[in-house]
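Every chain is named by a letter (A, B, C, D and E) in the order it is written, and numbering of its residues begins at 1.
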């Protein structure tokens, strides 16, 4: 059966697909901290945790050099399935393996800052969180308008894809890892956080023994502080005057609907109402969001929890203050034969 | 009416450049045709040139307000400005370092290996430190671009200083000429061809460096657009346009150096290329 | 190493007004690339008086250039010492007392003949107007009127050498060190420049050390001719030239002249 | 342009066995950088017989080197023609018939003396063993035994020139063009090499064109001495040297010799 | 005395840089350097920490070093060869060659980050083994980036020949080939070394950057990037140091070659 199958049967089990692709050495991921869920999945099915470095397009998947490719539901998966500009138009000829269903989900987009900044500017943090959450709530209620707003703020992603993305991101914000609806946007779910931390401890491999040791001792309290979110979103919230009014937030990636909540909050004036003058700094550059926040280039950042854990193991002292995406958006996609 | 002198027209160096460009186009198109036959998204690998040119004239907007070429050109200025400043800064630093190293052997021995090492620290590692010093992302971008370009200028100029014939130095020495005069009257005129060899390498490199530092953080610049395009956040043709634009700017910057050299070189024209008299003609 | 000086009687003369004093000097070129070390000069002692015109002659490779370079502080002696006016050559060089004509014309390719001659004057901060005048005068002297705006590669070998001579004389140095300055010149030009040199020398009473391989020239010009011998380089004879001054070309036809030429020629060794 | 040849009687001689025929040749160096054009040679006509030893003399800058270079196909005449053995100089050059000694020793810095001498033989594909033997022989001849493994910058000026001579003679060329080969040598070495050259010439009956500024040397060596004059460069006289062969140094003391030297000297113009 | 001078000269070539390095490391380890630069010990970790990481992970590091070295040296070799050939073409067919040199400079202006992904895609079909095809792609990147320095310098070295040397060759009716081997090539040697002084560090940095984009995950550059993205600055600096050591080693090799090949020149 290992005769280099390229397409899998519609009914193939997850195990069949994973084992076959891994045996051929054709599982892809972008690496750079995005790989732990994939490694956890590979381990779950008894496979070695090596993978191919996947480029930022899906060409490798398209030309079969990668059989089981990583994709974010809101981004690459849309390109694979759809026919709009940049799309590969596979439609229903592909199936996915969902990390949430496999029990290896790790939490992704959050809002974080440094512990020191939060302690020094609690009102700013609260004001920022309240306004951002409001932005996300509006965006999820009106994904089409949100997509338009993001496009207006300089996104170059085609508006069709933007719209698709808004719809998928909405799902990640409104559903948790178990598939249950989320009650409070941005709330930190400690159970999911703990699962993320546990997986991180297993799969984040640090060369530096000091950092590796520190990673193992990390607890939830070292990586997240719910207090700002809780007070900011309490029904009777009274937000004091922000200590610092000019603040910036660095996104994890290029401007796109993945970050629509912040653009909506900016566009609708929620930040201004909270007394903040917010600059949104696009990501995707070589200075990662953790470094940018740590060095004080920006005040807030959006990152994946696993990246934050690694950074704190390294000694950065970052603190998550809200968890926007409540479930993992990572899937593995594979082609099926008709 | 004078007969058209075809020989002369074809001897003109413009035709040579044209021929090279045509040759390259042919090679490219052969490649593109092959790629188009085997890949499903050939534009990610090697599109046809007409597709790239088509994308230049395409009126389709890539974001809310600009077409691809508008986006590229509007971002080119930031990058060019940084390249220009970075290059001038880098070339000056390189030249000064070469002066310093030629003046003090100890400095050369101490610094040279480390100058080379600085070249090898990836900007990823360098950026946070430079950022810490400059406290400003844009300043640090210029500094890094300068760091990435100074070295060819420094090495080439230094080797020019070292290539000065012993007798020429001794003549100066016998006049007990001051250091300043030795540099002004002998070493600097002598090393100008060497300096320009360095500048010719560094000028296009400055463009590269500038595009590279764009990618440090979001914001404007060709590098930013390029990586967005590469990450498929916008049409891939933006990437190809930038590839061509940077190549064209690179050629222009090289030519600018060639032209500048002609302008400032103290050497009489015939002296270029060594040899004398007839031998030069025989070579042609 | 025996018979360094065949004419000890000159010793008495040189003790007063000594300008350049060379004592037991040796220069050895060690060789890392192959072949052995070369003893370019061994145990050379020589006193040159103030205002004296001394020629160095000897077979090719005997160390004439090396000796001149040592005086000019361009070559460090391996042992022994040189003093010029009681100071080190280095101090004298820094006082810009030397004028040197090299064996090969060392011209700067990127400067015209005029600007090559001009160069040392620029270094000495001589005002432009004066420089221009001097340059023209010097180029006239070496018969290069009309070639001032040519670059070195446009000049013939002899012309280049004359530019070098003009350059050395332009700054009117107190001590003139000349290494075969006229070797590439035809006899007429050479004779003209010989006389020119003697007239400059007699007017300004410079000290001149003059390397030549032309024995007749050395006798015609000098107060003393120092004959060097090779392998190892050393002084094999010093001949006093007793011809009266001022000398003119006619002196070359006298028997005294011929006798001195023969004397110098006969003291050549090892050729 | 008047009186190009003062001695028309030689015409009769040169018509049979002409090796090098120069007719009405001019060389003009135009100048783009400043100063005017230079007429290095104007309307030069000269026939050189097979096996003849011809010297070119004349004041510095009169076009001797230019004429030599034109024969060697290193300088294109502006007008007029040169034929060598009825062919163009280019054809002869490509047949590797020329051996040239340049006015400055043109040595390759990165090659030792031996390997500099070896170079043309390498180009001609002469087997290694033979090369080695010839190199040693040549270096012996120019008195550079023991300096074979030195690099050019380790040699004195005269030594470098001798390496250049050795290099030119090593390939035993049929036509030898020598530009002031002995100018940097002392009289003894020069005389030795003069005799050496005559012996090579008489044995192999080469055609030799020899540039020198030493009139006595030119008379001693040549069958004919061609005197050039500058501004513009032209032939001002041709002197037949009627001294018997083989010649030895003693001939220099004869009155015939002196008479010929005077004759050549007197035909110098414009110095 | 001369010998003493020469010995000191040689000794100081090694001694001075070590002295300077020791000084820098002292400043660094004592934290003074951080004060001067305004850096903190997180983004610029202490030397002893870097050293410890290198020591503890030597086998893994060496694996990465090996991969990077192959890329750097392979590319350097190919690029220098190509550059030299271009210089030769330019020297022999001046008119054609100059256009070629200008064109080569255009490649110099296309950033590595653009070339790397293109080549990655282009070499997809080279081999089914991702390691091999990545290696090819990376080597090609380095090749392109080290071509220009060599071609510009080679052109000068091949054409800037001492007056009359060419005349001498012509007088022997030497063929173009002979002129090349006997005159142009030896004359260009010092220029080759000048070029290599530029491209040796250049090839290391391009190798590092090309690894960022390569399919197969291996190499010092890739490790630097992974660790910096993961905020593992100490580890990243360990790899940066290793990269620098690689560069120094290559540079020393270059100096040794230079001293052998340029022996006897002034």
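Operating definition for what follows: contacts are C-beta pairs under 8 Å (C-beta built on N, C-alpha and C of every residue); 3 or more make two chains touch, one makes a residue touch a chain.
From a predicted model like this one, the values you see are computed outputs, not experimental measurements.
Novice: Which chains does chain A share as contact partners with chain B?
Specialist: E
Novice: By number of C-beta pairs in contact, which chain pair leads?
Specialist: Result: the chain pair B-E has the most contacts.
Novice: Give, as an integer number of Å, the spacing between the C-alpha centres of chain E and chain C.
Specialist: Result: the chain centres lie 50 Å from each other.
Novice: Give, as an integer number of Å, the spacing between the C-alpha centres of chain E and chain B.
Specialist: Using C-alpha averages as centres, the distance is 17 Å.
Novice: Where in chain C do residues touch two or more other chains at once?
Specialist: Within chain C, the residues that touch at least two other chains are 33-34, 104, 151, 153.
Novice: Mind pulling the residue numbers of chain A that touch at least two other chains?
Specialist: Where chain A meets two or more other chains at a single residue, that happens at 59, 63, 291, 295.
Novice: Can you list every residue of chain E that touches 2 or more other chains, as numbers and ranges?
Specialist: 43, 117, 121, 124, 162-165, 167, 170, 225, 228, 233, 264, 266
Novice: What part of chain B is in contact with chain E in the complex they form?
Specialist: That would be residues 11, 13, 16-17, 19-21, 24, 31, 35, 38, 44-46, 105-106, 109-114, 116-117, 119-122, 124-125, 128-129, 132-133, 135, 151-152, 155-156, 159, 163, 165-166, 193, 197, 200-201, 203-205, 207-208, 211-212, 215, 223, 226-227, 230, 239, 242-243, 246-251, 253-255, 273-280, 282-284 of chain B.
Novice: Considering only the defined contacts, which chain D positions touch chain C in the complex?
Specialist: Contact set of chain D toward chain C: 29, 31, 33-35, 38, 57-61, 64-65, 103-104, 112, 146-151, 154-159, 162, 180, 183-190, 192, 213-215, 265, 268, 271.
Novice: Taking the touch rule as given, give the residues of chain B at its contact with chain C in the complex, in rising order.
Specialist: Residues of chain B touching chain C: 165, 167-168, 170-178, 181, 185-186, 189-190, 265-268, 270-271, 276.
Novice: Can you check the complex and tell me which residues of chain B touch chain A?
Specialist: 39-41, 44-45, 62-64, 71, 123-124, 127-128, 131-132, 137, 215-219, 224, 227-236, 238
Novice: Inside the complex, what are the residues of chain E that reach chain D?
Specialist: Contacts found on chain E: 162-165, 167-168, 170-174, 178, 182-183, 186-187, 189, 262, 264-266.
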